[in-house]
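Order of writing sets the chain letters: A, B, C and D. Residues in each chain are counted from 1.
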């Protein structure tokens, strides 16, 4: 702040800042509206509810932000959630899982994430090695990933009661949902990854100018695959959280339409679809805005169909503010 | 223009055009048809329209092209499936509608299709309302309603049946009615939110058991005691719901049985034998309450 | 008048290797179906298949124009649902009123997209994503969240349910006219070529003095109009306006366009190949339904999803193989 | 007679940086008018303002006697101004015909494009330039020279009152240049004016009537060609005294040791595809080897092959005696080779990354410290280079896109110097940078070889090659065809070698 020269007139400086923080402004507007209108908004429980609901979108949106930073997009996140979510109960409800509960629990956390990682490798390889356009490349798993999950479970809803596993979704630390802390921890880790590591530097460079990055010796393929893998693993984690909250895994529903929410959150948070930017905390901000819009409309009894239109307007407005910043 | 006849034979090529497979109820229904196939002498072609009425019509078309003898069709929507019914008739294939019907102004049982096999969604909603009116003990019933998929006929009908009956009693007030898309996860999220906005709620009516279970989870997460300070009522009769009733967390669920296979087989055989089938083969929906839940839980899906 | 080279097969193959892949795949799949299933080639199956897929062909060719400019249109499914409701409401006035007005309502959504993209400079992906939500909400609002019955008394349902001269369903006739017209627009009119040029290099097109904004607006409006037509097919073929339809149509349209060999970055692509792509993807469903009749995979519907994904993967693999062999200029 | 075009007092800023400050230009009907000036003087900007591609901040334009307020190239075309922009602005994916006729395509029935007629017309237009190609093929499948001629053909076919050519000859060989000149003379004789921008001053004396000189965004003079000399023009462009220039030579590259023994790189009969079919060269420690050739001669491909970007289809390379066949840039960088690419925008800078991040991009693997980037070292290093190379930036975290071209180029040069390479391949290192920066960059290159490293220099500026390189490998159509050795190379000798690719008499 102090390093800025004072040559620019105050006013442009102010409007510039406003644009830079379009997301924060939108957030403030929504918060003020809610405080004034929505009953019982200023309660710790409201905060807890919103945190628990936003965590999964935020986690997936952060992964999506990395993929978008490379200039790609990942439509398969919802399907990956379904897949990893379907695997976990399969594992801890299996004979092995019931005989060795602790090992079963660990395996139920580990193997679904491995499966998600494989999905990420698959996406990344098609994009980076076969050079297929990301929308189409990830459409493959978008279509068949959920099918695989349903084949594995024969389409059945798997319900269970496993308090240890459910801690992922229902546990609390200092009164706030565990998955909220988890999202923050992941955000810090990814922020570090993007801003302090070589991987992160290459990631942004590839999105900014892929040919230049390659000519400077950047491991373009590996970094791209890495981004898809991280996105998939985070989606897998989000899938586990959803299953944990519900004490049930529903392969048909888990992560349904998540790709749209995650992309919208990432873009509202400041990601550029052409790549080169990875605002991790922006993704969280975007997810929070989308969540709050949903909450506001629901809590005030706005009908579903009107809520859709409101959501459309807000996404357009938020992106327009972001966009104005670039000109 | 009478109904196409059905000859009596050992094996039938039977089409079952399922509308979607994204909830346990539909899955149980499809499974019921598959389970019945062997004993009833069916060579079953089962398709899945993935939630699209248009695709369901196309699926029926491809079954007609394959020359099925009988069609069982749970129409996704009342109106858009009418062409499918008419095409089947034109191709000489007797059609039985299952679990949902089509617009009676455009296609009639006994004329365009043989019969409708199923329950009455409006009546299901009404029965939930009646049980609630009888069994609610407080002075003032503050109701949150979790609706099914916006625009779907069970959602519309279950809402209508319940709303019409419950508003006749001035003790009750519906303070919020929002869609949970028939899904557990969304039911929970919507309930969490509505609970914040309307902390005084003491009755939750969900259009299906999945959302009811989601609501129970939301209540528990918020530190409420479902069954004690909040009454949860719903429709379907799933195993999880019956368990919740046994555990005292839920008040009632009106059965909406997905096990149509045996009924379909029986009705088809009657029709082949030349019987005139009643236009609406009613399914007897039971009602599961704390009194009988334990007895029936093993039959539930 | 026609470009004589359009019919030089060898040149076509060497310049459009990706499009060739889709034709080969289509022929192989049809041959497979004919050999394996009875009645697969029956007139009933062919007409009902084309009748149903007319909607997807319409939105795919519209999408093709948008993608050729280097954009994308995610709103087509919702817009088709919206216009089906509009058409259903207008059906008492007959097809000659309902169809143009419903198509116009689709064009209106397309114009809205175009304004946001061209003048407000909001990226196409986000603009059309928002329109997708908005159109869905809008169709639920105007329909009161119900399916809206058409007027069976007027001539409106003739379009979707009757045959021209008792031979070919009107829907197919109409979509064939649309495809040919758009093919001509793309290949032989100035706006069509401008759209190709814009996708091939927007800045260059500006400097060449081409009407770039007009071309983009045209493409999005056209895509909206095609979605509008699909909505008319939907209402008239199924007797109802359906606010809940159209889910996922945008992705299958995009897939049809790309499988047809059109570059998602724009500038290179073809209408007939897009139609082939739409038919190819639609054929997978048809074949799966017939396969069901054989009793192999019918036990779970989920296998069908897996198979569809795997099939898309196979087509893409095939395409990249073909393309690697005939390197296309200007790619990579 | 009133001038056809009169521009006066034109001002233009790009984000606070002035590109034009009081530029003016007057063109008479039927004259061929030259516009010259150093890189960045503002020539292209002035043209883009004229054609409505940019909006002017201030100033007046009159065309055919009336005030002109064009807002798009399309309007410019409609009022009779046809332009060939400096950056080839055609659509490579589309056919040659389309690139020529789009915007005024022949129609039948009023709305359908008449393709046979379009092809016929395209062939006819191109035949004036002596080109006979398949006009239905994608433009991108042809060489840059053909593309350049197609762009010219498009502009000339437009029935304009004024044809603007911004550096039309930069990718043409001498016979093609001759054809262009005859077309220009034809235009002139039919009363069409031509605005001709070129760095090749000799050309101006052949075809131009008058010349306008620009410097630092201002018009500093307008002369009749017949009354001036090449040296005068250079002096006016640079804003310096003519004699002084004559005395000191034009580049900073000259000098350095003359005897080289240790071979660092040996390239033998390498080919990577149709654009590089037979390339051999030897590079010694402490030496600058130039690659000479016209655009499209395959110089960039030669550089790419050494840097592991295009796999070899035949031939081999040896680096310090050991066999060397890199498969990707990372390997070449590990082997201590750096490659400054010719296209700064497409292959060099990462626009919204900072100067610091751009500068250390190739060095990243060496900046790793306990799993992350050693920011302290990074900053110190960048600080050092900014000082050493005199990079003008507000601070090291300024986005590189905000820097001027010359400073961007210095950052990219620093990117490679930071990796401490043994061999640096420089492809057009001074293209598009201003006079001052150019000299500084040349000094940096000189110092680098004086430290005992080696440089492969690709440049289209003959002075730079002739005065800078110890040897020049002349390339033609993907082959190394001859070699010139300093001292003794003259521009004439080089031109002759290029034009006839035969050993010139020394």
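Just so we're on the same page, a residue touches a chain if its C-beta (ideal position, glycine included) is under 8 Å from a C-beta of that chain, and two chains touch if they have at least 3 such contacts.
Every value quoted in this text rests on a predicted model; they were computed, and no experiment measured them.
**Q** Among all the other chains, which ones are in touch with both chain B and chain C?
**A** For chain B paired with chain C, the chains in contact with each are A, in label order.
**Q** So using the touch definition from the top, which pair is joined by more C-beta contacts, A-C or C-D?
**A** A-C
**Q** Measuring from the mean C-alpha position of chain A to the mean C-alpha position of chain C, what distance in angstrom results?
**A** Going by mean C-alpha positions, chain A sits 30 Å from chain C.
**Q** How many angstrom lie between the centres of chain A and chain D, each centre taken as the mean Cα position?
**A** 45
**Q** For chain B versus chain D, what separation do you get between their C-alpha means, in angstrom?
**A** Roughly 72 Å, centre to centre.
**Q** Where in chain D do residues touch two or more of the other chains?
**A** Not one residue of chain D touches more than one other chain, so the list is empty.
**Q** Would you please write down the residue numbers of chain C that are in contact with two or more other chains?
**A** Only 140, 145, 301-302, 304 qualify.
**Q** Where does chain A touch two or more other chains at once, residue-wise?
**A** Touching at least two other chains: 150, 155, 304-305.
**Q** I'd like to see which chains touch which, written out pair by pair.
**A** Listed by label, chains in contact pair as A-B, A-C, A-D, B-C, C-D.
**Q** Spell out the residues on chain A that touch chain D in their complex, using ranges where they run on.
**A** For chain A paired with chain D, touching residues are 3, 5, 192, 196-198, 201-202, 204-205, 208-209, 211-219, 276-277.
**Q** Using the touch rule from the top, collect the residues of chain A that touch chain B in their complex.
**A** Going by the criterion above, the answer is residues 38-41, 43, 45-46, 49, 52-53, 150, 155-157, 159, 170, 242, 245-248, 250, 252-254, 295, 298-301, 304-305.
**Q** Sort out for me which residues of chain B touch chain C in the complex.
**A** 13, 18, 21, 30, 34, 43-48, 50-55, 57-59, 61-67, 77-83, 91, 103, 105-106, 149-152, 156
**Q** Mind listing the chain C positions that touch chain D in their complex?
**A** Against chain D, chain C makes touches at 1-5, 11, 15, 184, 188-190, 193-194, 196-197, 199-201, 203-211, 267-268, 329-330.
**Q** Could you pull out which chain C residues touch chain B in their complex?
**A** 37-40, 42, 44-45, 48-49, 52, 55, 140, 143, 145-149, 152, 160-161, 234, 237-240, 242-245, 247, 285-286, 289-290, 292-293, 295, 298-299, 301-302, 304
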